[in-house]
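What follows is a pair of complexes built around chain A, which joins chain B in one and chain C in the other.
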Partner chain A sequence: MAFISSGYNPDKPMEDRITDIGPRKFDEFLPPVIKKNFGEWDYHEILEPGILVHVAKSGDKVYTIRCGGARLMTTSHIREMLEIADKHCGGHLRFTTRNNVEFMVDDEAKMKALKEDLASRKFAGGSNKFPIGGTGAGITNIVHTQGWVHCHTPATDASGPVKAVMDDCYEHFTSMDLPAPLRISLACCLNMCGAVHASDIGLVGIHRKPPIIDHSVLDNVCEIPLAVSACPLGAIKPTKTELQGEKVNTVAVNENRCMYCGNCYTMCPALPLADKEGDGIAIMVGGKISNRISEPKFSKVVVAYVPNEPPRWPTLTKTVKNIVEVYSKNARKYERLGDWAERIGWEKFFELTGIPFTHHCIDDFRDPAYYTWRQSTQFKFTSHVK
Partner chain B sequence: MATVEYAGKSFEVDEDGFLQRFEDWCPEWVDYVKESEGIKELTEGHQKVIDFLQDYYKKNGIAPMVRILSKVTGYKLKQIYELFPSGPGKGACKMAGLPKPTGCV
Partner chain C sequence: MAKHPTPMLDELEKGPWPSFVSDIKQEAEARAKNEKGLDYQIPVDCPEDLLGVLELTYHDQETHWKHGGIVGVFGYGGGVIGRYCDQPQQFPGVAHFHTVRVNQPSGKYYTTDYLRSICDLWDLRGSGLTNMHGSTGDIVLLGTTTPQLEEIFYELTHNLNTDLGGSGSNLRTPAACLGKSRCEYACYDSQLLCHTLTNEYQDELHRPAFPYKFKFKFDACPNGCVAAIARSDFSVIGMWKDDIKIDQEKVKAYVGGEFAPNAGAHSGRDWGKFDIEAEVVDRCPTSCMSWDGSTLKIDNSECVRCMHCINVMPRALKIGDETGASICCGAKAPILDGAQMGSLLVPFIPVEEPFDEIKEVIENIWDWWMEEGKNRERLGETMKRMGFQKLLEVTGIDAIPQHVSEPRNNPYIFFKEEEVPGGWTRDIADYRSRHQR
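Entry: the complex of A and B
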């Protein structure tokens, strides 16, 4: 395609340069009813899954329809949202912190027309473009990362598994039938971009093999001390090796100490470790960030490894679905997954879900590991020694 | 890997234009890169930053932290950006022949 200049002059890059202007101010984009009643809301109700109404002290109402979004989307999809917003909402819409999209209108008749319009839109393959849901005690969108779409350190994909899991849990997106909201998040490596460490169910890509060392380029493309200090277990040390009769600076990896976190590859491109058979997903459960009743919790590893099975990740989706269903059946109202597992005891969690407990789940990282072992005689006998 | 020919020298570079080998660095490299980094004329200030980055890299095997660069050269981050519009990593380190910065950048 021919080059089309935006007016930027590469010969004078600093000329007419605008910088440090920050984002647009949020209130430029508020729907009139939100602007008018800002800070004056009285109460809200969830009318049905995906549909909320907020009532202001002035009596004004705003109806919100929340729709699932794939997060990764084209400009045509965004234009379609804008078309909907133009048609029903005076050109306004918003995205939530879990990447759902919300359309807002100020009366009930408009809401019904909007709902009907949204429900009628499908992709050629049959998927809903704007599935309505994600409110109350159900499963809303999955916070996720880049995966094989764009990142260089993933151990699994993001968009693929998220689509597979949401397809399996779709009924909980469009209903509010769980004891409490259930947050699922996915990160494609242990960097844990996003929310896996504090979600009811966290899915995180892991490696199971140490990095391969490219001695021929390592000293040229890496700052060796950074690679050494990137290792949480001190498994990497600087060393020299002989390569085609030449001494080169490089690193050595103590494979008995390496737990395949991939941090050294993040710092040093000469230490790749992704592996088709080795890589997979660890499943964590029981995290939350709200302060409701119990304090915020980290999620804990309960399944050390499920294999990558593109494109539908059947073992992963089956395991997640099972956890959701067992939690749904057993937990009390308002109990988040972590609250439930801690009340019944983790040995009961493993017994009820039928997840085989393995030694991989026992913490062995530094002094704090000790506090995760049981220093008490209080436990329940379970049938679970498998 | 691409090879750049400039002023009778050849440099092996990656897709971001960083030198593949620190040893390949020579004053011609700076001359070659400066335009793509938005630098018209090389001043004493530029040279001071480049010299310090190279000394530090040879001595420590890593690029200095921004705070160290500022403290030793006496240039505040703002002044470093005035010298190198792309910043200390993409601009100064590239011109000094240091490896490409890594991590979550």
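Entry: the complex of A and C
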């Protein structure tokens, strides 16, 4: 391959440099019907799973078809979307905050043609390129992270487990049969990039072994005080050790205090902790972001560990599916998963789902842990009380 | 013939959900064919090597990316996430696999011309792989080599009039819900506020000057479609101050079954006939609604604007006319000292160009946090360490009951010395004159 210059001159790097121009302004890209009725919408309806209509005060309508997306996508795939948008939508499209893609048209006949076209497109392996759904009280796309595709701190993959879970929950993406929307998110480590801490179901990669200390390079590649202060539990202290007859500065990890969060590795490349047998996924439930009826809630850990089982993570998908189905069967209309679990009590949640309760789920992190224990005699007798 | 066998990844081509594996394979094939005759600026088999290293990772179950990576473009301190494979001999196509964050238009509306020009740029100078979009909002161009970074940046700025997004200890790329563009609940123009503040604070976005990262997100109503309250240090959430508008005829149309509740969001199951008492009046968190069989009433002074009744009957109930926003501060993920959601700082603020009131709150917070925040301490943690009162003080906001979900239950109360008559300088001799030892 021969180098092709863009016009940039590496000998004069600051010459002709444009900076601080920010993003393109959104209104350059709005479809005409959106631009015309901006801020003048009257109401909307969900016509069927994945298809919305917004009606403006002027009487104008815009039909939206929402399609699932893998988030990790190629330019070939994007170009196919562009071809569809050129063919049906006057060259406009948008993406949602959960990484679905939305195609918009301004009349019903166009919408039907678009729908037919989208539904017909499949990848060579057989999966749908543009599954229509993700609206109303169902399961929409999974907000997720980089995993083994690009990140250096994950305890699990992202794209793989997400594909496996969405395949299993697909019927709820293409229908609106749950008591309320159910948001699933995945993060591949405790940094929790994305929305795991506030989702109906959150999947988070965890480690179970303390870091391995690369004493031979640690002092050369790490700012030791940063590694020390990176620990939420004060498990790391600076120390000296003898290595091939030479004294080197390094750190010591108190393994009884370490809960394997991996934040010291984020700060110090000489403290890797990934491990095939150790790593896996914790499952959290009951979080929400909206202020509808109840206030926003954090998700809570209900399964401390399921193993990584590439390529399809069967234990994970089975556990998620079970939670979804038990919630679906028992919750009342409009009740988010967290609202339901709090109404019936967590002991009932564990009984109905059959998820074994273990000591790992009892909070032991600093002062606030106390507030998660039960300061009351109010409880329900379940199979847990022997 | 694929370069590396990928038996495990091949399993992820099955099933109905769009397969990222099938997609990457189609890109690998397209690059191999190279119908446009491009002189690819990074290895043509980059996507195949990505599948190769991912397959190896599925076998080893430990990531194969080296720690960190510091790359970028001159003039900026962030925007590119450097990444190197730890098996570069086996997978030379991803020996360098840097990510370029590109600032997205707010609300993520695009024209095909614009996205096509990004694809053209990326096909030539990158892997052909992307994330649409990163969690913070950026267009993510996934995988290129160091020498291409300046070339990509030059083309982005000169030809596409588009800048990089943020990374590092700075203002990250702001994001908004789609707001007034296609939602009748929008209380302010979240896209415009997002775009305006992104431009206002370009320096803070491109050149890390903060103790740690800082995010803005803009939700136009309390439904939280961009999750501002959970995913941004500074969350602006649309709000109204006057009454919910009720169209009684349309309420009757819901009761009569003419309109589907919640715009039809539950149509996949038979939940019975719409029951306005059970589904709206009794679910109101403040019980401020009543229905006498023909008229729906709302005691708006008791309403907390949770959106439930409006969400259930969007054709009959509308947000008020006196609109603005609330500001919540301090949301963050767990590391280091626990997850936080945004805490209410400003109950109601007007949101009108040029948004000076909002900028003032932002800049007051930054002045304080940039000085007092510890290394790698998020705003939420600084608030916990120094106290919510300090945040009120630096923003010049008076304490009001809305700032708490409940008053404190411990009596460890600090007073300012000037609040206490006589101050704190006291003489033990004077005390002893009244109290023998």
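Brief remarks on what is shown
Operating definition for what follows: the second predicted complex is superposed on the first by the 383 of 386 C-alpha atoms of A that agree within 3 Å, B and C clash if a C-alpha of one lies under 4 Å from a C-alpha of the other, contacts with A are read in each partner's own complex, and residues count from 1 in each chain.
The rule we apply is simple: a residue touches a chain if its C-beta (ideal position, glycine included) is under 8 Å from a C-beta of that chain, and two chains touch if they have at least 3 such contacts.
Quantities reported herein were computed from a predicted structural model and do not represent experimental measurements.
When the two structures are aligned on the shared chain, A:Ser216 is found in touch with neither chain B nor chain C.
By the touch criterion defined above, A:Ile224 reaches chain B but does not reach chain C. Within the superposed three-chain model, A:Pro269 lies in touch with chain B and with chain C [touch as defined at top]. Set against each other, chain B and chain C touch different numbers of residues in chain A, with C touching more.
Of the two partner chains placed by superposition, A:Thr315 touches none, neither chain B nor chain C. With both structures placed on the common chain, the touch criterion links A:Asn330 to neither chain B nor chain C. Of the two partner chains placed around the shared chain by superposition, chain B and chain C are both touched by A:Pro13. Once the two complexes are overlaid on the shared chain, A:Thr239 sits clear of chain B and of chain C alike.
With both structures placed on the common chain, the touch criterion links A:Thr135 to chain C but leaves chain B unconnected. When both complexes are overlaid on chain A, the residue A:Thr382 reaches neither chain B nor chain C. Once both structures are placed on chain A, chain A residues 13-14, 191, 226, 269 are touched by chain B and, in the other complex, by chain C. Across the complex, chain A meets chain B through its residues 13-14, 191, 217, 220-226, 266-269. Interface residues of chain B, counted against chain A in their complex, comprise 14, 20-22, 38, 57, 60-63, 85, 99-100, 102-104.
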